Amino acid sequence: MKIILVLLETQWIIRLMFAYTLTDEQNLHTSLLTGYNRDLRPGYDRNKPLGINASFYLFSINDFDLNTGKFTITGVFLLNWNDERLSWNPATYNQGNTTSIPQKKIWLPNFINVNPFKDIKGLGSDLITVDVDYSGLCSWYAVQAFEVICDPDVTKYPFDTQYCALKFFIWGYDKTAVNLYFESSRVILTLYSENGIWEITDSTTHKQLHFHGNEEFVVGFHLKRRTDYYIASLILPISSISLLLGFVFLLPAESGERVGFATTILLSTVVYLTIIQGKLPEASEPNMSILGYILVSYVLSGTILVVFVIISLRIQNSPCDKPIPGIFVRFVVCCRRKRKMVDVKDIDSKSTIFKEDEDSQVTWKDVGTYFDLVCFFISVIQFMVTVTVYFSLVCA
Amino acid sequence: MKIILVLLETQWIIRLMFAYTLTDEQNLHTSLLTGYNRDLRPGYDRNKPLGINASFYLFSINDFDLNTGKFTITGVFLLNWNDERLSWNPATYNQGNTTSIPQKKIWLPNFINVNPFKDIKGLGSDLITVDVDYSGLCSWYAVQAFEVICDPDVTKYPFDTQYCALKFFIWGYDKTAVNLYFESSRVILTLYSENGIWEITDSTTHKQLHFHGNEEFVVGFHLKRRTDYYIASLILPISSISLLLGFVFLLPAESGERVGFATTILLSTVVYLTIIQGKLPEASEPNMSILGYILVSYVLSGTILVVFVIISLRIQNSPCDKPIPGIFVRFVVCCRRKRKMVDVKDIDSKSTIFKEDEDSQVTWKDVGTYFDLVCFFISVIQFMVTVTVYFSLVCA
Amino acid sequence: MKIILVLLETQWIIRLMFAYTLTDEQNLHTSLLTGYNRDLRPGYDRNKPLGINASFYLFSINDFDLNTGKFTITGVFLLNWNDERLSWNPATYNQGNTTSIPQKKIWLPNFINVNPFKDIKGLGSDLITVDVDYSGLCSWYAVQAFEVICDPDVTKYPFDTQYCALKFFIWGYDKTAVNLYFESSRVILTLYSENGIWEITDSTTHKQLHFHGNEEFVVGFHLKRRTDYYIASLILPISSISLLLGFVFLLPAESGERVGFATTILLSTVVYLTIIQGKLPEASEPNMSILGYILVSYVLSGTILVVFVIISLRIQNSPCDKPIPGIFVRFVVCCRRKRKMVDVKDIDSKSTIFKEDEDSQVTWKDVGTYFDLVCFFISVIQFMVTVTVYFSLVCA
Amino acid sequence: MKIILVLLETQWIIRLMFAYTLTDEQNLHTSLLTGYNRDLRPGYDRNKPLGINASFYLFSINDFDLNTGKFTITGVFLLNWNDERLSWNPATYNQGNTTSIPQKKIWLPNFINVNPFKDIKGLGSDLITVDVDYSGLCSWYAVQAFEVICDPDVTKYPFDTQYCALKFFIWGYDKTAVNLYFESSRVILTLYSENGIWEITDSTTHKQLHFHGNEEFVVGFHLKRRTDYYIASLILPISSISLLLGFVFLLPAESGERVGFATTILLSTVVYLTIIQGKLPEASEPNMSILGYILVSYVLSGTILVVFVIISLRIQNSPCDKPIPGIFVRFVVCCRRKRKMVDVKDIDSKSTIFKEDEDSQVTWKDVGTYFDLVCFFISVIQFMVTVTVYFSLVCA
Amino acid sequence: MKIILVLLETQWIIRLMFAYTLTDEQNLHTSLLTGYNRDLRPGYDRNKPLGINASFYLFSINDFDLNTGKFTITGVFLLNWNDERLSWNPATYNQGNTTSIPQKKIWLPNFINVNPFKDIKGLGSDLITVDVDYSGLCSWYAVQAFEVICDPDVTKYPFDTQYCALKFFIWGYDKTAVNLYFESSRVILTLYSENGIWEITDSTTHKQLHFHGNEEFVVGFHLKRRTDYYIASLILPISSISLLLGFVFLLPAESGERVGFATTILLSTVVYLTIIQGKLPEASEPNMSILGYILVSYVLSGTILVVFVIISLRIQNSPCDKPIPGIFVRFVVCCRRKRKMVDVKDIDSKSTIFKEDEDSQVTWKDVGTYFDLVCFFISVIQFMVTVTVYFSLVCA
């Protein structure tokens, strides 16, 4: 019995003797960090650049404010490099071949975002540890929120696509000292949770030369706005109200409600504009948003329509004894003839007979009726043209 | 007398001699922390994972912004683990068997939230001390506010339910190194003070495999919006105003106020929309909110109704000598017959006699009256259908 | 002459010799802080709790946001305790019997707010020094802004009263280790500058048992909203506009402006609502605000009144030959009789003669006139009832 | 030649030998700061207070939020005092008689703002250095933004004047230890850039006794709001619209647009109110703003006017056979007589003849005409009184 | 074979022997920083100022808030100076002639922004390293966001130009100690990404004397607002609506919609104002924005026009038997004559015959017609004058 216990004990002691223990790890840390100067990059031969392997996982797009150009995302950088000062012989430490060291105790690539919206910020935080294996391979997973400047182009709002890029420098090291390369030419989206407003159509990770010969590392996103909300909530309602304004000319002139109709619909347009103006970006660079021009055209064409309504009412209310200008008479006759040609194509013989009579019977009321019709069609055509032009510009 | 004093004194000295004193605790701290390396996890045998026992108490849900997906809560994590380096023999320190050590002086599990809205943040703060007992058992109560990303689904707004989760990694330690398990499978709500907008229907605390083989620790909440406010303040008023618009067809045609009524009610709809649009999230992912479509349908059906009002007025104002199309005549006759069948079922004999006469007497005014009736019913039915479809979609 | 100088000099030297000098204070600091471990609480005998004397002076209430439940105040905590390690013999230091030591160099009670809105925060700042006298009595004046969670009850808004509390723990010390007691059972308001919106009706400072047997220290405020602004700016205007809507039935039916009146007033109600909705909290817990229901009732009763206006117009415009239902006839006759009874009580004989005649003369116009009167009174009564119910609920 | 070079060299060496060099300054710093304890105030004799000379230069007023009482300014404090520990003999250091030392290395007066809006903050920052000359005179220029609590009085808004003060303590030192005095009794405005909204009418810097016998240092500002914007944008437009409402009684009764006029103008008042309500502070302490009452009176008098419009219309539409109450007849006759007295003063004889006739001819229309006139004058007078009362209250 | 290997090995060893290695750089750092006091500026001879070469690259203008005067930009400062303490002999370190040192380890010019919006901030951050070459030349690239106070002049809004400057001091060093000069007299815009609202028309970098004899370093921007958005979205719509109001006088008097037209258009003006008021700065210093006055004039002239509409209606509705004042008769006759003179210049003979007759036939209706015409022209002229005055003031 005793022997078994002794054996078990011995076995345990032996296992511990050859196992990686707390003491081993403590000795390892002491040995690695003693004399370690974290201000100096790894690489014994200073003439050979240090290779760093990078990939970027996007977590989420938090915000993109078109007015200020502030683009906020959260993601994680995975950087791997080899620091020979942090290599050891596992045999010395009972086969302990990995450890993790707080990031502030060892050298880190000074990977700094150079188009920040506010102050510059390094990667990671004091909470993060770097995984190190016995060969000196360091793996740094740096979770970070980035606020960068992104110059938006609001011309096609809300059908806009945007390109936003995070730009990084490795401060203090030019390309002869550090050679960072991206593992993938795209941002890795496996951990991405979709943004409600923006869709990522494409992304890029690359490096480019820039600014006093330094290398710039770019993580870029091509974004496309999801337009459902904007079509349904902004464009459809105000367009339908704007179109409605032209129908004032179909209102019977006798109803005495034409002006009320026109002004109230104009007011509705103005009220609806208050919602949209609050959402439209103020920026006019490179262009003002086309939608802004459309909205203005709605208000302006609204006021012009109201003026035409007044003119129409003046025509209808003209005293009978006031002579009708010849141009109006010819215009009415012309309209009538066209109508008749459609109506009574086969009784041509008769119509020519009464033609002269009808022409002489043109009253102010007739002029008003045809004036209304023309205004109605013009307003509808103007609306169609505006919409067509808008969508052709936006889709171009 | 003197003896008593001496005895009392002696007793006091003895009590102090055997009592846990400031000096004892100071010696204890010195002894525990000398040579302690807080970068290394407890556990002598590195091949055995360190067990950590966790529970999460929710204090409050502070905010959940559907537009940005920012979910903010305050709560406390209770973590227990055993650090053999912090164990001692109470006898050595006059039965002092507990102490508390500032959190920055000892090893702590690197429990880091990996779906933060902004930068990552560790647990606790320098103010917090860890309770340690003589066996090395550490108890860490870390009060914290968390801002995490939560991808909302606004489809059923304001009848939406959401699932938001806080995700944690233990940075630098895989599951062979640290084995954290939740004591309860739910968030503990004994300290929770209710949120005014969101109700917690269920919660979960569990771990799952994720991201390069790491274990992810999840604290999840199933939330249900309290809908009283939204029904009373948003849906009821705009629905009643929208429904009111159909009543324009019941207004006597002679009143001359139909167009004014329709346009002012349409304007009211638009004004009310300004409140709701400010509250509706812009997100269109995975779907735009159905309520957004309903609101648009209110505006669109409003403009269509106004067009119908104009048509009705044109019918009523048609000159008597203009012939009525056959389809309108048949339609009026058909309506009349139906009515009569309801009114005079038992005097069938008479009705057949006058039928022919009545048909020939159809005037434009009659057409207008029945047109109004049909429009009224269509508008009411359309409203009912919209509401029914909405609630069936939302409750599905 | 020389002697006097020598004497003066000597006197000065003597005064300095026996005066408390910079050197004395420097020696004192060195002596006190050498070997001082600020992680350990004062109290030689660990079995006796350390007594701490606390009082709270409120400076101001900065903000109370009903939507998020964030309650922000600024105040100062005065804490006194005895740290025997900081006691000295004044004689040794030329009668220097007080000094002040930066708070980060000595032990402080770990007084931590446990219902913070964001992260937990300790008291004081590195700028603050603790006054210490020779007996070891420490006086700590910690000025602080606190942001805490306060669960509001919006039911009676804007006539609401709220109770908000700051809750504190002394982290790491249970009641056997530290015994904190408040000097006063109320918050001290001598330094308070009044808040414009909230009035403090009562306050409390006490301790209570809580959470794993710890003691919780509570600084509570009973708040009452100042209602002048809300009555004058919100309730009076919308109520008067809502009441005005009923007067539509007093408008002469011939004016042809009834519908315009009703819809424009309804629109004004809706517009006014936009102001108030922006101020109403969205919370529905424990109840939605009664005011929210009142506002909805204004809009709903407004739409119903508009429907009644339409019905009234239909009655007035009914063709003369359409038979009047018996119930309307009886209703008109009944109304007339009542009126007459008031008018001509003493000529009873005559009235009975003409009664039959009058009954037969009931026209649609008469029905409309009495229908209007009834609607007017119903709308006024409904308004009165709503207001009465509201104030009885709010004052209950 | 060589000699010249040697001489130049020697000269240069000599100049350097006697010049203040880097080495000198380094030695100086080492000598000054060795053994320097920055926790202790200067002053060898602890019984004599340390004199500190202060002045405050205002840079700008950044913000003053009436709702929260947050007052934000930026300025610079200039503090001078004598620290004998930092004095040296310039001769020892080659006539080096000034140096500058980072503020965190030497003692600074613990000048702390005690009415902060958020947390307390000390002066200066680690970036700032203190200029020290050989006599030990320290000059500290501390640029700082201050956010303080300022209890506003909104009674006279927007014609209000406010008094806001920054209050400071020197923490840990009573007046027997430190004696701070302001050089000027006013804030120095030479570096001030004007604020767009607030004008500084006066300022003060003084000290006063306060709070447990400590001295409080006050930097106070008397502010006056620039009223151009508020008169032009808020008060003029709403007043003119409100006044316009009374003109409804001048509209010909036959126009059939009186009610439409009154309700639309009332609606405009309500809409305009939405702008102003957003700017009006909610505070009701010590009083609600008088402007708030004026706005309410506009809405209330608007609703009352609408009721009078309805009454006027009822009078005008009264059937001819309905008897006119005696009081109305007398009122009309009275009005007519007054008019006539103005018109036909010299044909008195005739007028008395027709008097009786005219009195008997009073119709409902006449009553309505005079009722309108009276209402018009009452509304104008009421408006005038309101405006007069407002400005007399505001200017009082 | 072996020989070749040996040779290669030797070569490699030799290359390493003479190459700049990690060890060399570590020795270099140790040697440079030992005894280095970063509180002391470079320059052995303290009587010679240290030359610093500066240039400023602008990245972006983030925000310029006219209400608070907060101007936010992001850019990079490039500063070069010579620190002889950081010079070395490259030969000693195997030709290693450059290194980079973290900014917190060496002396930096204390370049501090002295017109900050909040607290003062130094340049750079702990992440940034300074490039140093063997001659001691230090190159510091400090990326920074600056929030400064900029006193805006809103007089010409939205056609305003602004001048904003960042002001810097080198704290603790007067011009005898440090001599900073800008390399370019302009801000370098090669890295600038355009701001959507502001255009940089000019920029300046210079130094000037200021504040107690210190030198102030100024980086100034002349900004011009891009006006497309403001013209299209603000000025055009409200101007067209305001102009429309005058057309009320062209509405036939019989239409019975004049008052409705005028009030609804006035309401639209008021509604549109709500958008613009939200954007207009409240500041009245040095002047209120002219646009603010224009907007007020729109509302005021609107109310006056409404009063004129009422007067016109009273004229039209005057009873025929009421005598027309002589001035009106003369006015109508005068108008008619002018018209006729245009119409019938050549039939002068006839017109003089009927003149007398026509004059006697002046009716109230005629007066109304000409009154309307005059009002219309006055309103149009008043509008033109307002617009002309505005643009002449803005462009002046």
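The letters A, B, C, D and E name the chains in turn, as written, and every chain counts its residues from 1.
Heads up, the rule we're going with is that a contact is a pair of C-beta atoms (placed from the backbone, for glycine too) under 8 Å apart; a residue touches a chain by one contact, two chains touch by 3 or more.
What you are looking at is a predicted structure, and each value in this text was computed from that prediction instead of being measured.
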item	value
Shared interface partners, meaning chains that touch chain B and chain D	C
Chain hops separating chain E from chain C, counting only touching neighbours	2
Cα superposition of chain D on its sequence copy chain E - rotation in ° rounded to nearest 5	70
Approximate Å spacing (C-alpha centroids) for the pair chain A, chain D	40
Distance from the mean Cα position of chain E to that of chain A, given in whole angstrom	25
Shared-contact residues (touching 2 or more other chains) in chain C	256-257, 260, 264, 267, 271, 274
Cyclic chain order when read starting with chain C and heading to chain D	C, D, E, A, B
Interface residues, chain B side, partner chain A - complex	37, 39-40, 42-47, 67-70, 85, 110, 112, 114-122, 149, 151-152, 154, 171-173, 211, 256-260, 263-264, 266-267, 270-271, 273-274, 277-278, 280-288, 292-293, 295-296, 299-300, 303, 306-307, 310-311, 313-314, 317
Residues of chain B touching chain C in the complex	16, 19-26, 29, 59-60, 62-63, 74, 76, 96, 100-102, 105, 125, 127-131, 141, 143-145, 191, 193-197, 199, 226-230, 232-233, 236-237, 240-241, 243-244, 247, 250-252, 254-257, 260-261, 264-265, 267-268, 271-272, 274-275
